[in-house]
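There are two complexes below, and they share subunit A, which is joined by subunit B in the first and by subunit C in the second.
Right after this comes the complex of A and B.
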């Protein structure tokens, strides 16, 4: 099947006063139509930057190299207006805090009208019909159409964000920690809404989260990021059953769940991305590090039904990684 | 049993901020009862978990125990003496015995204060040291104990130069420096990465063992509470719904709310995906909590006697309903046209044929949960001087009492 989204040798660097922050390093990653992929890792591993980079909603000082293909077209080479079209219509975005994305002085109707009429040549009534349909799909009654964002609860606001992401019938939803600020019951409700819509419209989902429980429950595949790189990626079942990368193992062990008998953690802290450790960036924290680890970056290569970047499992060195 | 903290009927309410004009005008002030009649005992040496969603009142309860907010009613007994009515001046000496660790270590630390100064600060406030130099040996020992070692590497650092986990260690060291006997830990790990949470929890366990501490551990995360706590209380809209030994509550949750919370936790095992049945809606506004059991409008096991009242009918008019009940609801008018007084909801019907209105009400009620339908005593039209009105009257609810089931306390009419 042709990929809906693909990144090829993607680098995203931030030029800052203290040096270049290497937030995304040589990421090759693909998403098939209708597929749900979880992007996990500790804070500061580059997962949000990667998600934002795909849509080029990055700050000005970000430098993007490599290719981002959406339905086979390179987004980076598109003119600005075309890019905006893809971003607005083909890809829906959901963020952690809906309040930062909703204008407090605009009603829900205003938000939808503005969004729809920016992208579609439709009259007010048609725009309204589209909006009400999307809102109904997430469980917001028409009687709330003229309300302001502050008149909704956190869960309702997130539902509105989902409806806005859906209204132009995109093919992909990128959700950056969509339920992190919600309580567990509302979180469950939102994930159910997302799941149902995904099934109904055959949407692909890129879910950025630190919550491995959510990934286990909603995703087909998972990509684990560390210090800007994907270190392991593959089907959720394989990776949760038998994680190969010591970092993935550490992440999975440190989840506290209802059957936790013993606490586990990963020693140390994630490295800064201005001067990340040499070779495999995880080696200073890795309980199984050995000679080759600090010397060169391991490549992400297929192994046991997934891809993994670790010398415990192969000895392939990443090509041309040491530049920039 | 030796209790370090005992609460009896504790209530904390806050006046609701209103607009400028309405504050000038006389009239009844509105209150939020953030904590609404809580009684519990925290045994010496235990970790007592207080679990709830945002808006449940758990943080307010924790602060009230430390007298950081003033209780409006009830008793707070700390180490044998009632501190609920003490004046600020009288509480201050007690503060060395009771401390708090906040959720957000970044917000809890002064960005301009070095680690050493922050940890030494309580010693100076309580006149155990006159300057930083004098406090230094003690601060060093405490830093070493919380894992900020070697201390000299961290002593002059500013919060911005440290990771979240390290900052939380500073906050813990600052709480521990006066050698307290009781600590309120308010979501101490929820801002931290999963990969470092365990180390902070281990530190809390370690300090407890070495200093014979007792904790009130406040969290929204049931999994962490289960692992860490001896006993837990589940809080919802200012009330304790269930309390018991942590292992027992998890093995056999009694209250439907506890069951709902436990069922909602994502399981990190893709082999065990199951469809979840989640309660509808979200935690209601604490300004007007539902009558009776506060969970009743969302409860999957609700009974006719749980607290249905006029408001529940009016709320139906505003809900996200299927098209047919929605058109009936439209006939019955906006919720603002209705008047609610306890068990009764009324509205004037003008010239409309009474039997038609009663028919509409009855048809709308058919879409209500069966227990709510059964709770309706009658629907009738009556005359007043102002005109005819329709009234929906609910049956009186059963009194809601806390019940003991062995070591368990449950506040639910199913038992």
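Right after this comes the complex of A and C.
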């Protein structure tokens, strides 16, 4: 099947005073139409950068190299004006913090009219009809159409953001930790809304999160990121049942055990991305690290129905990634 | 309050507002609608009352200024040597000054001078300062650095001193004083707008708008300018109040308006020498007018600030 989205040797670096932050390093991954993929990892591992990098919603000092193929077109080399047509129209982006993502001076109606008329040459009435339809799909009644953002709760605002991301009927929704700032019940509602919409419209979903439970619930595949790289990627079922990479194993074990009331976690901290550890970036924290680990970066290689980057499972070294 | 059940869905939003019947929905839209519709909606709250009182003061002074020739009982320049420094009475409600001129008439005519200076000074500052501030804040970089440096050096000068220097160079007269005052306030508008733009530019909703395909033009106009513009009525009315004081100050020290022309500041300056002789009316009335207009403008500014910003607006539950 033709991939909807595919990144090829994608690097995203932030040039900063302290040095170059290697937020995304040589990422190759693909997403089929209608597929839901979870992108998981600790904070600061580059997952949000990757998600935003797809639409190049990045600060000026970010540098993108490699290809981002969306429906066969390379977004990384598209001119700004063309890229703007993809944003919102083909790919919807939902953010982490719904409280601050809506303009406090614009009503919900303003937000929708502005967004729709940016992309489509439609009259105000048509725009309104589209907006109300999208809002109805996320359960916001038309009576709230003229309200300002501060008159909504966090969960409602996130649903409004989802409706905005959906209103132009994109093919892909990228959700960057959409439920992180919400409580568990609202989180459930939001995920349910996303799931329903995904099924109804056949949307593909790239869900960035650090919550493995959400991934297990909503996604078909999962990609685990560590220090800017994907270290393991494959069907959710396989990976959750039998994680191969020691980091994935650690991540899956990082839960509170009710009997002992202890929090199992991975010792140490995620590495800084200015000077990541040599070789496999996880080796300083890895309980099973051995000789080859610090020497060269392991490649992401197919193994047992998934791809994994670990010398415990193969001895393939990543090509040409040594310099940046 | 208590005991009255509130329907849950209505309680959250403002619901149908008090003024809903007055204005058709179409008039609630657009930039003007955005300012005036909430004004009507808020008319029963403290903020609303304050705004309307302030607005009332301003309107009253504008009316007085416009109709001065009609409502003045005497010619403000007419010297009457038989009635020098007479106390307020039936024929001269505010008394007469040392040349026997009617103080009431001079106060009415003085409103013209004050409002004109204020209008020139503040409007020009607004028209010049705001666009420069928007551009500077949005572009950033070297342009911004240079502009901030220039504006800050102007701003660091004591306002009255700067106006005095300019007034001395430009000469007397209403227009010249207006220009001298403009120069004081351009950096104020520039600074407020520019800093606000820099802050708003970083807001996550701006990023969100970009992520959904907003063009740079619409980002500047719709998201940034609208958020910044809410701070302008406030500095507008406060700087207008300040401009009147500065103009009065300039006239007071003799750099402002040529003596025979009625002007509150100049009249106040001349009148003060008679104060030790218990002649209070010649200085009280012009001074009181300055006070009223300044307070009115400040109230208007403060009220508009609360109203334009929907976050500060208190919703009736």
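We take it that the second predicted complex is superposed on the first by the 316 of 324 C-alpha atoms of A that agree within 3 Å, B and C clash if a C-alpha of one lies under 4 Å from a C-alpha of the other, contacts with A are read in each partner's own complex, and residues count from 1 in each chain.
Following the convention adopted for this analysis, a residue touches a chain if its C-beta (ideal position, glycine included) is under 8 Å from a C-beta of that chain, and two chains touch if they have at least 3 such contacts.
None of these values were measured; they are calculated from a predicted model.
Enquirer: Output check: A:303 vs subunit B and subunit C. Expected answer is one of first, second, both, neither. What do you get?
Expert: It touches nothing on subunit B or subunit C.
Enquirer: Output check: A:105 vs subunit B and subunit C. Expected answer is one of first, second, both, neither. What do you get?
Expert: second
Enquirer: Which of the two partners, first being subunit B and second being subunit C, lies in contact with A:85: first, second, both, or neither?
Expert: Touch partner of A:85: subunit C, not subunit B.
Enquirer: Kindly classify A:120 by the partners it touches after superposition: subunit B alone (first), subunit C alone (second), both, or neither?
Expert: neither
Enquirer: Between subunit B (first) and subunit C (second), which, if any, makes contact with A:143: first, second, both or neither?
Expert: So A:143 meets both subunit B and subunit C here.
Enquirer: Which chain, subunit B or subunit C, is in touch with more residues of subunit A?
Expert: More residues of subunit A are touched by B.
Enquirer: Would you check which partner chain A:65 touches, where first means subunit B only, second means subunit C only, and both and neither mean what they say?
Expert: Neither: A:65 stays clear of subunit B and subunit C.
Enquirer: Once the shared chain is lined up, is A:314 touching subunit B (first), subunit C (second), both, or neither of them?
Expert: Neither partner.
Enquirer: Counting contacts the way the document defines them, which residues of subunit A are shared by the two interfaces, the one with subunit B and the one with subunit C?
Expert: Shared contact residues on subunit A (touching subunit B in one complex, subunit C in the other): 141, 143.
Enquirer: Of all residues in subunit C, which touch subunit A in the complex?
Expert: 9, 12-14, 203-205, 207-215, 218, 222-223, 226-227, 230, 309-311, 315
Enquirer: Could you please specify the touching residues of subunit A with respect to subunit C in the complex?
Expert: Going through subunit A, the ones touching subunit C are 52, 55, 57, 84-89, 92-93, 95, 97, 100-106, 114-115, 118-119, 141, 143-144, 147-148, 150-152, 161, 164-165.
Enquirer: Once bound in the complex, which stretches of subunit A touch subunit B?
Expert: 42-43, 139-141, 143, 153-156, 183-189, 191-192, 210-217, 236-237, 240-241, 250-252, 254-258, 260, 263-266, 269-270
Enquirer: Give the list of subunit B residues in touch with subunit A in this complex.
Expert: Per the stated touch rule, the residues are 53-54, 163-166, 193-199, 201-202, 220-224, 226-227, 250, 260-262, 264-271, 273, 276, 278-279, 282-283, 318-321, 326.
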